[in-house]
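In order of appearance the chains are A, B, C and D, and numbering begins at 1 in each one.
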Amino acid sequence: MSNLIHRESDGVFVIAATPFAESGALDLESTDRMVDFYLDAGVTGMTILGIMGEAPKLAGDEALTFARRVLDRVAGRVPVIVGVSGAGLDNMARLTGSVMDAGAAGVMVAPPPGLTPEDRQKGYFAQVCKALGGDVPICLQDYPLTLNTWFSVETILQLTVEHPQIVMLKHEDWPGLTKLSRVRAESGTGDVPRLSILTGNAGLFLPMEMARGADGAMTGFAYPEMMVQVVARHKAGDLDGAEDLFDAYLPLVRYEQQLGIGLAIRKQILHRRGVLAAPTVRAPGPKLTDTDLAELTRLMTRLERRLKELG
Amino acid sequence: MSNLIHRESDGVFVIAATPFAESGALDLESTDRMVDFYLDAGVTGMTILGIMGEAPKLAGDEALTFARRVLDRVAGRVPVIVGVSGAGLDNMARLTGSVMDAGAAGVMVAPPPGLTPEDRQKGYFAQVCKALGGDVPICLQDYPLTLNTWFSVETILQLTVEHPQIVMLKHEDWPGLTKLSRVRAESGTGDVPRLSILTGNAGLFLPMEMARGADGAMTGFAYPEMMVQVVARHKAGDLDGAEDLFDAYLPLVRYEQQLGIGLAIRKQILHRRGVLAAPTVRAPGPKLTDTDLAELTRLMTRLERRLKELG
Amino acid sequence: MSNLIHRESDGVFVIAATPFAESGALDLESTDRMVDFYLDAGVTGMTILGIMGEAPKLAGDEALTFARRVLDRVAGRVPVIVGVSGAGLDNMARLTGSVMDAGAAGVMVAPPPGLTPEDRQKGYFAQVCKALGGDVPICLQDYPLTLNTWFSVETILQLTVEHPQIVMLKHEDWPGLTKLSRVRAESGTGDVPRLSILTGNAGLFLPMEMARGADGAMTGFAYPEMMVQVVARHKAGDLDGAEDLFDAYLPLVRYEQQLGIGLAIRKQILHRRGVLAAPTVRAPGPKLTDTDLAELTRLMTRLERRLKELG
Amino acid sequence: MSNLIHRESDGVFVIAATPFAESGALDLESTDRMVDFYLDAGVTGMTILGIMGEAPKLAGDEALTFARRVLDRVAGRVPVIVGVSGAGLDNMARLTGSVMDAGAAGVMVAPPPGLTPEDRQKGYFAQVCKALGGDVPICLQDYPLTLNTWFSVETILQLTVEHPQIVMLKHEDWPGLTKLSRVRAESGTGDVPRLSILTGNAGLFLPMEMARGADGAMTGFAYPEMMVQVVARHKAGDLDGAEDLFDAYLPLVRYEQQLGIGLAIRKQILHRRGVLAAPTVRAPGPKLTDTDLAELTRLMTRLERRLKELG
């Protein structure tokens, strides 16, 4: 039975952290616990080795060890996407082959930083698709705020038409609500195949994104159960219920969305929630101050209170 | 009686929009109404002709006409800061002279885009201070996300020491909470004079910023009464009350913070609230789609409901 | 008799400096001398108030005074293009109207900084063309190194098709030789009208650019007579003669091409050549050190020697 | 006998290409030939696995294989610096340990892209120095045009004072002549230890850089014999002889300096000169068009003629 990602994939594909021990070594026990935690939260998929997964800080063999551990633990229950973005197509193809063999459901590819103008984007993805092989489903990552590579809607649609293996868009442009509306409206019609659209940006606009036609979320918010419920309520037509729940978490979503330091906050929350043995971010990386930690405690306490109010 | 900004200035210095008629012409009647609206909301100051004030789209005489109209209407009740950032020192000095003569309380100066490395920043502000004249109080604008010019804490402190007329910091780095804590801790001690610190970034972190020692806010959120109350409650020691109120508005704060399109949203809200006759943004500028407008209606409706719940 | 720029405009449109006295005031006598100097050198056109013309540092009335002085002095002998790029369409339209009335041959428009993705570029130029009026010929400036706005060949061609008033391209992408070849090959055929292509980048690749189909140069190298002769020899089929002459000047072309400080070098050379009374660059702006000045003297001396060798 | 780089290292440390076969595989025979070619040209050192060495496109084991092959072939005759820049300190420390064990003379470290403001640069290099170990000599790479990380002179000097293992600067700011003068004047005096300064930027300003106190060049111009002779003549006091020779090559220096495509040009020249079996650049990478190839042929032919004229 195939478990590959496809044009109708939906729900919450949580962006998984990469757990490290205090020493900085890969923490495979926390990895197992994290996988269980995500599955218990009801995610419909996982994405590993993304930008937030500190992939560029792993050695080649570490990346593979980690990917295999996650895939083993998931054991086919949900699709797992592996981030393979990198500077050289040879490296990308090698990693892709290994993880697909190990059971990955597809790979995520972001463009290189600063890839302009857009005709170069088309050339790049033509090379990527050829190098990875036409049977590997690709999630296209559109994340200009970090990558400084900007896709127009036209380019996204054209890539979709030209490369049938591009089946999913990780939408992470910002501000990007109108872009999301346009990709949804202009794909799945005429000659342009449907794209599964999952949204990032720390989930800051999740209710609006669902209303505009997203199929779900792909981000690493440390309370994935919120995202799961928001998406579920939305699909059930309970828009206000979805947004009420979302708004309760919004102070933390907003706090975690801080670029760079957000990863340290996310790992700190996962540590406090008993998922990660240590909140370690590999060097060089952000560190939380005592003030940050106290601020976070306050926000988590306020969240609990608010959730009780909501009942 | 002097009404200049100074090292202890605090409260909410609202960033004022520049009202335009549907034709794109300056709308001076809406200008008067907007000034009254801000004063009624309890702001302790105003900042005009900032980046969000579409200053670069005004002709030289329009900028002066608008500034004089605001200053006349305010009539000294609160200090008014005028943004004078520009490409040439001659133009900046000329505008500064005119608005200070007309009763401005000081000027705001952002560095030119992409001014690196930092020794060039020091050279630039030395030139600016000399050109504007030592008796003109300056609010230093630190807004790297838009300007791509990054100040270190050390540079901010050194500018403060070297130029006594720099009395205020518009803090708008992002993520910038630790930077704010550091500037607060390391100014007003030893050789470094105190700086008034007002925070921007659409107010997204206002409660944390107050807790970390900000003197208030300087941003253009279209519900300035919220900012006034949050700052007041915070100063009165009611931290939870401040944050409860803030969180009620957070969905809209988050919505308005969208870079670029945020200005169109802000003007649309001010239009709906009866302040601006038209929500016009001068071209080239962002336009709201029907979906955006409906989304905004929903958010405003939900805000009203939530405010009722809070009592 | 019309003297507007058109799709066949060619030769050297020198980018004119804006002369200032030591005090920083506009120097209109030097302006006259500069115009005569350029005409004596054999230029076929001039471009004023470009990025190198310090346009953003002029007050509105200064820009107009300078433009009129140049236009009066030129007196229709060659077409004069006026740079009108700016943040607001109203200001651009006003300046355009004034200079076209005063006898300008067209205007040059660069996109705003960081205008991505490319669909926004098309939207922007549609607005610009409408605002300026369809009878004003436009030179499109493609200068990504400074503006961080990147046009693809496809976008340039599409703009040409959609806006008949865009008749000229200032080609200043870098590295941009292949782009130049493509624009030349793909315009003037089928549905895409021919574009006059003049090249910038300080002239560093002028012989290659001519060989690839450029119609001439549009840059401010302080020895415009070299550019005039290189273009003439090239058109006469004397490729080696053109390149021999060019190579003699190349050490200075390379020296003047330094971004930012290049303007101070250019004005210094024009000052030494008796064109500008003072080499003043308006603040904030680059200043030459004593080492720079001595280095320049050495390069100018070596150029004279080399020209003698060439006979 | 130690062969480590030190504060007085000088001459030409050529930036070595990484040779690939047409298939894209590492070409170790060409590697040997290239090492011999560089040594025959008289270089005083080599730098491998730099940005131009396509390091990020190599797998971890490939990088090590290539480094060892070069070190074996060089056999201690000149010092070899290895570029180890990367996203994670663990990976950097591992590679550093391996190549120092294999006989490297030091490592080159560039800052991460976009590392601002400057206090973060100091924090980063403190971490790097600790992770690599205090006995590993470091060449600091200052290359803002590509990395968008800008060092001030003050930061460079401070890093030199705080980390005795930073003994060399690869100067590649642009325009950077005044910066070079300042670093030379302000190091090696008082508390600031001397820095060996080798210059990059494709050698475009080599004569000026030598005159301003550089110790030599570190760039990959495909005619290293020119750089060797220019540096030698300069040290012998024959400034005009140095610059005459340099100017003969300048058309090619200028051609090779084109960012991005310059690597393909460089490899093409090394291929034509019999050094590399194939001019292959790993994907994704620039490709030369037929027009480029003909243009290059013309430039190489003109160079030969000019060298004959010079005798």
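In this text, a contact is a pair of C-beta atoms (placed from the backbone, for glycine too) under 8 Å apart; a residue touches a chain by one contact, two chains touch by 3 or more.
Heads up on the chains, UniProt names are A, B, C, D = Dihydrodipicolinate synthase family protein.
What you see is a predicted model; the values in this text were computed from it and never measured.
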Notebook entry, point to check: Hey, which chain ends up farthest from chain C, C-alpha centres compared?
Noted result: A
Checklist line | Reference interface A-C: repeating pair among A-D, A-B or B-D with over half of contacts shared | finding: B-D
Item checked: Distance from the mean Cα position of chain C to that of chain B, given in whole angstrom -> 38
Notebook entry, point to check: Using mean CA coordinates as chain centres, what's the chain B-chain D distance in Å?
Noted result: 46
Note to self: Counting only residues that touch at least two other chains, what does the list for chain D look like?
What the structure shows: none
Check: Along chain D, where are the residues that touch chain A in the complex?
Finding: 24, 54, 56-61, 86-91, 94, 112-113, 123-124, 127, 131, 282-284
Next item on the list: Using the touch definition up top, name the residues of chain B that touch chain D in the complex.
Entry: 116-120, 144, 150-155
Item checked: Contacting residues of chain B [partner chain A, same complex] -> 174-175, 177-178, 181, 204-205, 208, 211-212, 240, 243, 247, 250-251, 254, 258-262, 289, 291-292, 295, 302, 306
